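You will see chain A twice below: alongside chain B first, and alongside chain C after that.
Now for the complex of A and B:
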């Protein structure tokens, strides 16, 4: 047995059992027989084991330096450290789609565990089988990583050096795929709901998966930002690069949907719009893959082109066609009835969703506009970061206002008690903005400070009010403890909102008060800059099996010694700068080794980037993850319910 | 068309010039103002990076030129104009607010209007349906009450 044989065996098994599962689901649907759903669920498990085998086979080839298959021969080198070897599986096109396919089969199996009826379950499972078959057929027949190489090389070129520069590369893609793939479950439920005409309940059934996917997308986007900050050497975390945008669009649409789903769950409104949103969010994940795998754009993520581009474009069009064809029927049948008062929970939720949809529209527009203009007109247009930043400032303010007010207001209409809180919030907003202006900050930064306080007051009241109410009955200590356990999911949501407000603050400051400066220093020379003394102590070289590095030892007064470096890889003529960052609660000091004296080692050229509050962006990411986990964690009561329901149906 | 060809020739020439500075001459010292200006220009050979961010040879050369022109006492506008003359307006990282560039600036406003109108008309229709449902309910109620009253009346007589 070779890795190639094992891999193809696993993939073949996965394809076979996906087809079998799809057949079983169709039979269950036609025969109205839940026993076939059981068969389909078993098939999903075997298909997952098949892809897991293929995944293991490719890891086997990578870790044992087996160059007899196409993927390792093209993307692997025996000189890589072990963790790079392991992560090389998703460093290029074929492997990354294999990983995607594996996660898709895993989710189909997991989601299938809850599917037991013969009515909506066959359609939802069938949809998931079709989606996973698309990926599996691609991996097996179009871009098979296990294709044998006639004359295996002794060693390969290794993965893209940029991807070897940081351990985050091993984490970020998996998080991203977990998020992307996660959106397929709400989409499958939506298709089932539209086919079976059960328009209301699917949102509640799929909410857990939606927030699960949302959490991973959030984590992946922040992880990508941190990778960019730590590796790319320009001192920023977000460049509005087309690929970053491609991951941001599904996040924005999913965020809109998380909020409109609450409106549907609570008031039975917005039903056909929710179908549109979930279709678009899932389609956006495929769109991102199309952008990055088709060679339409160039970036770190753009893998070699090949036939996958048109195939993914076709898949994208099929998803949109299916989604919107079904939606056509829904919109003629669904007649939402109800008054929405704008000054109420649902009114603000819908306005918030509007903000997120417009944000997604702006990102799609700014990403595609240059491509479209060039394709049709031949002209070149730049739509860069300044465009996105300027449009996201007003949209971001709208978001900050709505997210503070939304959780405060009751459903249907506001009560006088909340209006009093809004007065306090407004006072905080005015004071914060005024203080910012008095400190000499720009109007935009001051407004963000004001809106941050606006949110803090709202959240403080939301947390304090129920505790205060209960403490009148129970006594303060017990009330505080019981409130914490009592509505963990609600507090999870508040924590996510707090983290978003904190992130807005970090973004406003880091985007407005960044200092970039470049200087050549002799070894031993000191440089007074940005309130610190920077001294270059030494310049040294280190040789590793897979690379050669030149490292400068630079002392930043009060922050210790940093080691910015230039890494030389065999596959690349130009070196890769690996920056060094001193994180502080206030300003980050970010050093890049730009150049050095190659003959006498007498001087180094350093670029220094000083950016305030970047650390808080990573803190806010961690808070968002904790908040999402609080929402997702099954409480004792909720965990008990499905099994009880299962007993009733059994 | 001819202009774009020349722009590309220039890009290549600058690229080579940039590559030559990689020798053993230290790169020039750059003040924060240089990066502020470079941020407004795009990197001609990359996507999604400004001339301040990219480490491509061309952008290193652009930053050197900006530093030189600043030393000569040129203003920011003059420096940006220098690059626009050489590369066309494509070099501006922010699309100009006229011509084709205006489309991309106006589209979000139109998008907001369209989506906002969609939401508004949805809420209006849903509210009208509720009002209609309520109206029917009141009619029905009135009819029922009338019938009940009749029943009561007849019941009383019987």
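Now for the complex of A and C:
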């Protein structure tokens, strides 16, 4: 048995049992017999074991340096360190789609464990089987990583150096796929809901999956930003590159859906909207792959093309067609229970969701616009960051206002008590903005500071008010605190909101006050810049099995010695700069070794980027993950679940 | 009730569309070849553009002390002098396809961002240099 044979065996098994599972689901639906659902669930488990086998087989080939299959021959080198070998599985297209297929079968099986009836379960399970078959058929027949190579090379070229330059690249894709795949479950339930005409409960049933997927998408986007910051050497974390946008669009749509799903669960509103939104969010995960793999969009990441682009485009159209055709069929009978008062929690949740949908639309427009222009008049254009910033700044402010007010207002109708808090919040907003302007910050930055405080006051009141009310009744703060209880889900939501406000602050400062300078320094020479003294002490070379590095030892006064380096990989003609960053609570000092004296090692050219508050962006990411985990953590009291669920205000 | 929301929704969509199209018009960056520029320089005055072409042989002047980089971008028909501050990328050399993002300052193009177009298969230029058609093809391929 070779890894190639085992891999194909696993994939073949997965395809067969997915087809069998789909047949069983269809039979269950036609015969109205729950026993076939049981069969389908078993098939889902075997399909998952099949993809797991294929995954293991590819890891086997990578870790044992077996170059007899296409994937290793093209993307692997025996010189890689072990962790790079392991992560090489998702460093290129074929392996990434295999990973995606593996996670999809895993989720199908997991989601299937809750499916027992003969009415909605067959449709939901059948939808998941169709989705996983799409990926499996692609991996097995179109981009099979296990395709035998007639004359196996002794060694391969290795993965893209940019990907092995930082450990985060081993983690980021997994987070991303865990998020992408997670959205398939709410979509499948939505399809089942529309087919079986049960329009209300699917949202509550898939809430856990939705928030789970949202958490991973969030983590993945921040991880990607941090990777970009640590590796790409331009001192930024976000460039509105198509590949970044591809991950941002599903996140924006999922965020919108998280909020309106809450309204549907609690009040039975926005049902049609939620069907549309979950279809768009799931379609966006496929759209992202189409965008980055089809070669239609120019990107610095420049992934290889191949037949995958059109295939994913087709799948994207099928998802949209199925989702909207079903919605069109039932839309006349999907009715909301009651109407919306805009000045209420559900009203603001809807507005907030609209802001996110508009943001998604802006990103799609900006990403595709170059294509449209070229199609119409042949001119080659690119849409720069100014376009996105111009629109995201006002949209971001709208978001900051709505996210502070939304959790404050009660359902159905605002009460006078909350208006008092809004007065305090407005005072904080005015004071914050005024203080910012007095300190000489730009209007936009000052406004962000004001809105940060606006949110802070709202959150403080939200946390304090229930305690204060009970304290008054019970006569002591201590008694009030224990009586107010600890609603983990609600505080998880607040924590996510706090983190988003913090991220907005970090983004405003880091985008507005950035110093980016270059200078050539002799070895031993000092450079006074940005209130620091930068001294180059030495330039040295280090030889590693898979690369050769030139490292500068640069002392930044008060922050120690940094080691920016240039890595030369065997397979690449260009060196890859590996920046060195001194993280501080205030400003980051980011050093890039741009060039060095290749004859005599007398001088180096350094690039210094000083950016304020970037560290807080990563802090906010961690807070968002903690907040999401608090929401997801199963509550001990099972009976209390339905009521607690409605109070999640993320 | 429903019409009220529809009207509100249309207003929001309209405002966004207006912002988007207005915003797009101002923040589009055109990709221009030297000869396209020469046909109509006034069109690109004071606009941020991406100038594409090949680095003309023997025109690179770089001083690592001052970080001043001067070279000429050509598409085989029209030559345009470029000034850029900063270290040239490693692959920057004669006959390399480049894209310079920046603005025209008189006849000189002031680059703010210098990108190398990766054509992994580098070929030495033929005797006597490239013909304009070949240059255009190289630029297209390198994109």
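Convention: the second predicted complex is superposed on the first by the 617 of 650 C-alpha atoms of A that agree within 3 Å, B and C clash if a C-alpha of one lies under 4 Å from a C-alpha of the other, contacts with A are read in each partner's own complex, and residues count from 1 in each chain.
Basically, contacts are C-beta pairs under 8 Å (C-beta built on N, C-alpha and C of every residue); 3 or more make two chains touch, one makes a residue touch a chain.
None of the values given here were measured: they were computed from a predicted structure.
Overlap between chain B and chain C is detected when the two structures are superposed via chain A.
In the overlay built on the shared chain, the residue A:239 is in contact with chain B alone; chain C does not reach it.
When the two complexes are overlaid on their common chain A, residue A:149 makes contact with neither chain B nor chain C. Among chain B and chain C, the chain that touches a larger number of residues in chain A is B.
Once the two complexes are overlaid on the shared chain, A:515 sits against chain B while remaining clear of chain C. Legend: residue contacts after superposition of the two complexes on their common chain; A:605 is shown touching both chain B and chain C.
Looking at the shared chain after the overlay, A:357 reaches chain B, while chain C stays out of its contact range.
Shared-chain residue A:26: touches no atom of chain B or chain C. Legend: residue contacts after superposition of the two complexes on their common chain; A:573 is shown touching chain C, with no touch to chain B.
Contact with chain B, but none with chain C, is seen for A:335 once the two complexes are overlaid on the shared chain. Judged by the document's definition of touching, chain A residues 298, 339, 354, 358, 361-362, 365-366, 369, 373, 379-384, 386-387, 390-391, 518-520, 594-595, 597, 603, 605, 607 lie at the interface with chain B and also at the interface with chain C. Across the complex, chain A is touched by residues 4, 22, 24, 26-32, 34-36, 40, 42, 46-50, 52-55, 63, 88, 90-95, 100-101, 103-105, 107-108, 111-112, 115-116, 119, 122-123, 125-127, 129-131, 133 of chain B. Residues 1, 9, 12, 16, 19-20, 23-24, 26-31, 48, 50, 64-65, 67, 85-87, 89-91, 116, 118, 120, 143 of chain C are the ones touching chain A in the complex.
Chain A meets chain B in the complex at residues 233-236, 239-244, 269-270, 273, 297-299, 335-340, 350-351, 354, 357-358, 361-362, 365-366, 369, 373, 377, 379-387, 390-391, 515-520, 577, 594-595, 597-599, 603, 605, 607.
Per the touch definition, chain A reaches chain C in the complex via residues 298, 302, 339, 354, 358, 361-362, 365-366, 369, 373, 379-384, 386-387, 390-391, 394, 518-520, 573-575, 594-595, 597, 603, 605, 607.
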